[in-house]
Amino acid sequence: MNQKILYRVIYGDTDQMGVMYHANYFRLFEIGRNEYFRLRGVLYRDLEKKGIFLPVKEAWCDYISGARYDDVLEITCGIQKSTRSSLLFGYRILRGDELMALGTTRHAFVDKAGRVIRLSHEEYSAMTEEGLS
Amino acid sequence: MNQKILYRVIYGDTDQMGVMYHANYFRLFEIGRNEYFRLRGVLYRDLEKKGIFLPVKEAWCDYISGARYDDVLEITCGIQKSTRSSLLFGYRILRGDELMALGTTRHAFVDKAGRVIRLSHEEYSAMTEEGLS
Amino acid sequence: MNQKILYRVIYGDTDQMGVMYHANYFRLFEIGRNEYFRLRGVLYRDLEKKGIFLPVKEAWCDYISGARYDDVLEITCGIQKSTRSSLLFGYRILRGDELMALGTTRHAFVDKAGRVIRLSHEEYSAMTEEGLS
Amino acid sequence: MNQKILYRVIYGDTDQMGVMYHANYFRLFEIGRNEYFRLRGVLYRDLEKKGIFLPVKEAWCDYISGARYDDVLEITCGIQKSTRSSLLFGYRILRGDELMALGTTRHAFVDKAGRVIRLSHEEYSAMTEEGLS
């Protein structure tokens, strides 16, 4: 199951080509990811309080059509692959029916010192469980 | 004595009006401020290690002419006013001889918990001393 | 009459002090300004199509309390002063009842070449009219 | 032949994990790309004046070690693959001898309307020629 969220492009997102600056799509991906967790009742800030961090280890974006100022974009986010020590998120950015961009981010679960950790079975399930009653 | 440093505007700084997005001038001010300290042998990161933080309490910018992609800007930064618990920095952004923007930021010295602190006389002098031997 | 809009702080807004980087508050102000116009049926992108631009000439922010990751902020925006060639917007950023920041931005109406223009009475009223039926 | 350029991380680049926010590495890549062109006597802004644009069609970054505030990073940029209608740039971000990040961006040459164009042989050579006398 995927999470959808809307974002309206501001002037500060655009560049002089009149479209959203490419690096800013990764901010949209982050918004999608935050909501993905929230929908499952997992707040990323709570993970951090427990000493679990989820830094981005790899990021990729395929730009299909340039989003413009004041466009309302729909951010779709879901997990493509997961283990107890890593997550791969997939994203789609749409404007109405038009696909604007596709992307992925790969994350590792690490402790405060940056060492890779394995989640408990319970923590892992809470984040990745598809069955949301 | 003031510190001068150069910055070249990138695409990511611009907006669809073809000039640097107004919020990004405050990034330039930060660059100037960092160099101000460095010139005096005070590294802001060392201050943080000692538990001294210098958050921005107020920021102001007057935009005179819009900086464009690939412009080389000169950032001038100096202290306009200082006490043992606060600093007021002044900035000028120039493109050659042309004044592009003026600004100020006001800062408080705080500890990790955010409480205002007073620097020791020695710490204060190191940051604000004009005579750089 | 003022416009209220909500914004949730993302990781990309924060800095290593654990609060929203000061320059990013000006992005929030822009969001508020966009919604101010939208509420009055004036889309800023339509203004641009008519050759009317509204660059920021001056910006100011007073930081009262640092917004944190995942905070939901309320952006309030209203016009403090207006003429047919300039607008002064005022902003408040709140987290629940707590005032986080105050600010203003001053804008000029200019044409594509950057020359200051005066709005027609009709255009001016549409933007600043308080009576929204 | 590759182009090297230095960049000092500012506070505004970091996030609350205390490292450079992942999206900002793509700003560094842009800095490298600009300098790549400059070294060959090709200014990207001149290309735009001739009606040639080079939007990012795909971007990828592998994060190896997190860059910190005040770190001086070295940006290396070179062309990995090129045709008369596209370029693939490769980047490495180093801190001293330590590899911090690797990445690529793929670009298409397009006209103002966004249609893919083919460079003349002369234009193409100027951009990609390795022999810089």
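By letter and in written order, the chains are A, B, C and D; residue numbering begins at 1 in each of them.
Keep this in mind: a residue touches a chain if its C-beta (ideal position, glycine included) is under 8 Å from a C-beta of that chain, and two chains touch if they have at least 3 such contacts.
Nothing here was measured: the structure is a model prediction, and the numbers come from that model.
Visitor: Can you name the chains that touch chain A as well as chain B?
Guide: C, D
Visitor: Looking at A-C and B-C, which pair shares more C-beta contacts?
Guide: Answer by contact count: B-C.
Visitor: If every chain is reduced to the average of its C-alpha atoms, which one ends up farthest from chain C?
Guide: Most distant chain from chain C: D.
Visitor: Quick one: chain C and chain D, Cα centre-to-centre, how many Å?
Guide: About 33 Å, centre to centre.
Visitor: Measuring from the mean C-alpha position of chain B to the mean C-alpha position of chain C, what distance in angstrom results?
Guide: 24
Visitor: Please work out the Cα centroid separation of chain A and chain C, and write it as a whole number of Å.
Guide: From the centre of chain A to the centre of chain C is 27 Å.
Visitor: Among the residues of chain B, which are close enough to touch at least two other chains?
Guide: 11-12, 17, 19, 23, 26-27, 30, 69
Visitor: Hey, which residues of chain C end up touching chain D in the complex?
Guide: Of all residues in chain C, those touching chain D are 11-12, 14-19, 21, 23, 69.
Visitor: Touching residues of chain B toward chain C in the complex: what are they?
Guide: 17, 19, 22-24, 26-27, 30, 53, 55-63, 66, 105, 114
Visitor: Which positions of chain A touch chain C when the two form their complex?
Guide: 8, 10-12, 26-27, 30-31, 34, 43-45, 69-70
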